[in-house]
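Chains here go by letter, A, B, C and D, matching the order in which they are written, and residues are numbered from 1 within each.
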Amino acid sequence: MTQNIAPLGIIGLGTMGRNLALNLADHGVPLVAWERDGALADRARSELPDGTIWATEAADLARRLAAPRAVLLMVTAGAAVDAVIDGLRPHLQAGDVIIDGGNTDAADTARRQKNLAADGIHLIGLGVSGGEEGARRGPALMAGGDPAAWDRIAPMLRSIAARAADGTPCCERMGGGAAGHFVKTVHNGIEYAVMQALAESYDLMRHGLGLEMAAIGETFATWNRGPGGGYLVEIAADVVRTRDSDGAPLLDKVVDRAGQKGTGRWASLAALDLGVAAPSIAEAVFARAVSAARDDRQALAADTPDRVQIAPTDLE
Amino acid sequence: MTQNIAPLGIIGLGTMGRNLALNLADHGVPLVAWERDGALADRARSELPDGTIWATEAADLARRLAAPRAVLLMVTAGAAVDAVIDGLRPHLQAGDVIIDGGNTDAADTARRQKNLAADGIHLIGLGVSGGEEGARRGPALMAGGDPAAWDRIAPMLRSIAARAADGTPCCERMGGGAAGHFVKTVHNGIEYAVMQALAESYDLMRHGLGLEMAAIGETFATWNRGPGGGYLVEIAADVVRTRDSDGAPLLDKVVDRAGQKGTGRWASLAALDLGVAAPSIAEAVFARAVSAARDDRQALAADTPDRVQIAPTDLE
Amino acid sequence: MTQNIAPLGIIGLGTMGRNLALNLADHGVPLVAWERDGALADRARSELPDGTIWATEAADLARRLAAPRAVLLMVTAGAAVDAVIDGLRPHLQAGDVIIDGGNTDAADTARRQKNLAADGIHLIGLGVSGGEEGARRGPALMAGGDPAAWDRIAPMLRSIAARAADGTPCCERMGGGAAGHFVKTVHNGIEYAVMQALAESYDLMRHGLGLEMAAIGETFATWNRGPGGGYLVEIAADVVRTRDSDGAPLLDKVVDRAGQKGTGRWASLAALDLGVAAPSIAEAVFARAVSAARDDRQALAADTPDRVQIAPTDLE
Amino acid sequence: MTQNIAPLGIIGLGTMGRNLALNLADHGVPLVAWERDGALADRARSELPDGTIWATEAADLARRLAAPRAVLLMVTAGAAVDAVIDGLRPHLQAGDVIIDGGNTDAADTARRQKNLAADGIHLIGLGVSGGEEGARRGPALMAGGDPAAWDRIAPMLRSIAARAADGTPCCERMGGGAAGHFVKTVHNGIEYAVMQALAESYDLMRHGLGLEMAAIGETFATWNRGPGGGYLVEIAADVVRTRDSDGAPLLDKVVDRAGQKGTGRWASLAALDLGVAAPSIAEAVFARAVSAARDDRQALAADTPDRVQIAPTDLE
């Protein structure tokens, strides 16, 4: 017999999910929690309050939620979201709300919203900004989807959000459809562009002007105190100044290959599809693409006897 | 008879010069001041302390400075700097130091340094960051030039600079030659790139997603509280949310033409000359070039009967 | 009773389809033709040889083809292709081949191939290059898909293709899947980039150097005779030199809005998805996006009294 | 006693200079030739007709020219041009014309024109297009400078230029000042952009689609027969298909570092200075800058134990 009932379910208790759950618990939101991975579940169980209800499967989770149900998904963006939704769907009914708090492509959110609408189930795409620390202490939340569904779940999310100086919670519905994930994607596109500009300025100072790492670190720190400052400039200063145990700049030892999770690319794809010019965001994505080809660079680095040198041509 | 003697001269008392002079006066640095423009001179005279020595011409200013002399130029970058230096030069001697605190192209600074070196006169290129308010209360100062000349004048400049949380003044010699102006130029190149990325994200939200101005303002404000935040994001939020007296967004009334003072262009020119890839900074400069052609856009806006429509071609 | 039987069906007899059909007829390939639009069908009927078999619907067309069937689609890329395939599919059987000769997004071709494979039906994506004239007299054909299916239909297509100086037909299978449409897309991406470079050089000469249209036309014509020459440079020279009936350069009267059919955008999307840096192709697409916003430019062109001028800021 | 007199002097008989001299000789233009380098002079002497007058120094060359003099410089762009002009200047007089046929930065030409104007000496900047073969058989010539000076020398240059289908010589004065070198620079900027677009499309086919070299070569060859074709596409097809003696594609053995002579960079600098957006040309220059940093890539290729891997961050 399952008698415990809560207003919000949460599926996925990795770093982000656990921190949001702890934040919700701090604000008195009773939770039904479900995490497949034993180790992650154990860790979350040891940190979440005793009143947390633990589900063992999708049907169990759905049963323990007050109708209309609200379920927050904090699983890895992509196929895992589809899998969890497919498993959950038979146990939901019209009026229930799924909230996807992952780093999801807005196009996927729009597709899933349309698909779930056939059963009257709402999907709110929720962009969560602020990283781990934000999730735990006060994330910025950018939502998209049905306004009535949002109104029902918004109070719980507003309670855990960061607050502006005047106390306003940083928790807004940006519009219908996938607006929340779209805005989060654009936000990350800006971050890509700012990091690219920081990399270009580093290169200008290091290889153009020939500054030492320490001087570049001072420069970024100086800039951070001026109008161009911000968190990314601040951590750039820290990164550049960090030294390895042997005293050498750590940055010189970092493997020359930048990864990407996809959000900058999605912002560029959206720009192309919407007919909006976003060249500096695209530049940042292309620079990461070049960076990613480290295997090619290694293969080409060898000065074997058969390598051919080409001089600039008479065409120029 | 000219008996008053001070350790620092300042030429040019426009907004930036006056604010730096007031800042220096607050920190007990005696000044010889010279400003050709009567109105500007009157305003500065009314604000600066009584002990300030007022020079009437270059020779007078030089005579009233303790040798080796130090003269801070706060005049408009470009030809005016050459003119002031030419007028001052006959009254200086080997070992004297000119400090150019303007927004000067690093290439000009290098040229002037070389030229003045023939007479043993030092030129320190000084990047001043923080705008009017920074100049008055604590600018970030980035210097380049001869180390011994710098050591002689640095204490006066350090006393007025912004300070880090640990009390370190934001006042550094970045290297020899035009390093100070170069670093300032690169800094402004980043600001160009960040503003371009903000503009692209605005466009994606406004014309791509169809968000209202108010929602975009909320978004920028939300971002500003996260890792992508910073002063430029903060003022972007303010700009987007500002309303005209009729309640309409003011931004929609701003003339569609961005100006530029040149520093982003210089950063791009430097990148090209030094063989450093700086595409996102160059994109920002090119976007401003497109923006500048408003006269062309106006001429092309008319739907006169002889205008010809071209369909996408079969080439595609 | 339907006794006429041909080896190739063709659906869609617009300009490109009609020209390919005439080309096939010239090379002795018997055709079953189907075109829904009465006017287009009438025109094609008047030009194609008497032996052409005319189908009245999908089932009829399928019935009149020798098995395994081969059907060339020359319909507008997008939803129309899906509609035609859906209508045709019940009348086809395993081993039959559909050839899509339209300007189709490679991603759509891959999706349709996978879908049709469930019934053992092959889809060959066929990039057709050379425009109307090429279709009529000798197109370049770039195919992608199943090798055995290709081998069966290749002789008919090779017979109508352009030929190299040594007689080799310009008709190749570039690889499996959507390789043909992909290669066609990349090809058009290059054309976008070349047209963008031509536009930039025009702008440099017209607005940078201040050359007259006639001089720019001479310049393009001169370049066309050198190593940078090619068809696009040649027509650029013609475009720039063309005069309206009043003697003024026609280009100055062309509406300032470039269209796009999508292939440059697809090339950029593919680059982003594949992690390949293609900045110059993306620039060309973004420049067209800027160009497309003519309504915005018109709205912003007015110098109404409430317009606000913004000077370059002290931030710079 | 120096009695031989010719209408045109030529200084510099390297590959380009010798070929232009041979072309001029073929068209009956008597020359006074001067080349400092013994080996180059010997080679030119053995190929040029007997009537060629050989000068031994600047004064000698000037003496043997009919006044007003015309001297064509074919020396390496940059300091060498200044040196030759300085040596020649004392032996020239008002009305004489120097023609700089080198790959000279338009800014240098403008500076030299202004400087020489003090003595009434004209400098015609002459862009020479077509490479070695063009110089020998019919170059495209783009001139800039004083119209009267041009009219005096134009007949000699027109006689050797390439000709259009209608017989018009490809030899034009594009405007005053440095217009000839400017137009040549813009032309090379386009070539940079086209080569960049070809490189991007190669990358899309090779690393995106996974095509074999041979298939890419076929593709370029196919494109070359269509509207996107031209000399650069044609040689791209050849380059991609060339095999080393061991049968492997030669391109895979070419050292991964592109050089540049400067013209693409000048075109970008000009665009920035003139306020014209030329992003695709700038992209091409930046891509070459990245390519040039091969030493850095080699240093970073090593997988030493202290290398640090960084995962994509939670910021994204």
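We adopt the following convention: a contact is a pair of C-beta atoms (placed from the backbone, for glycine too) under 8 Å apart; a residue touches a chain by one contact, two chains touch by 3 or more.
Please read these numbers as outputs of a predicted model, since none were measured by experiment.
**Q** Counting C-beta pairs in contact, which comes out ahead: A-C or C-D?
**A** C-D
**Q** Distance-wise, how many Å sit between the C-alpha centres of chain B and chain C, to the nearest whole number?
**A** It comes to 50 Å between the two C-alpha centres.
**Q** Distance-wise, how many Å sit between the C-alpha centres of chain C and chain D, to the nearest whole number?
**A** Averaging C-alpha atoms per chain gives centres 36 Å apart.
**Q** Averaging only over C-alpha atoms, locate the centres of chain A and chain C and give their separation in whole Å.
**A** The separation of the two C-alpha centroids amounts to 38 Å.
**Q** Give the residues of chain D that touch two or more other chains, as numbers and ranges in rising order.
**A** Touching at least two other chains: 131, 188, 191, 207, 227, 232, 271, 276-279, 283, 287, 290, 315.
**Q** Chain adjacency by touch: line, ring, star, complete or other shape?
**A** Graph shape here is complete: every pair of chains touches.
**Q** For chain D, which residues are in contact with chain C within the complex?
**A** 129-131, 134, 140, 142, 162, 164, 170, 172, 174-175, 179, 182-183, 186-191, 193-194, 196-198, 200-201, 203-205, 207-211, 215, 218-219, 221-223, 225-233, 267, 270-271, 274, 276-281, 283-284, 287
**Q** Provide the residue numbers of chain C that touch chain A in the complex, in ascending order.
**A** Chain C reaches chain A through residues 227-228, 265, 268-269, 271-273, 275-279, 282-283, 285-287, 289-290, 292, 315.
**Q** Okay, in this complex, where on chain C does chain B touch?
**A** The touching residues are 103, 131-132, 188, 191-192, 207, 244, 250, 253-256, 258-264, 279, 290, 293-294, 296-298, 300-301, 303, 306-312, 314-316.
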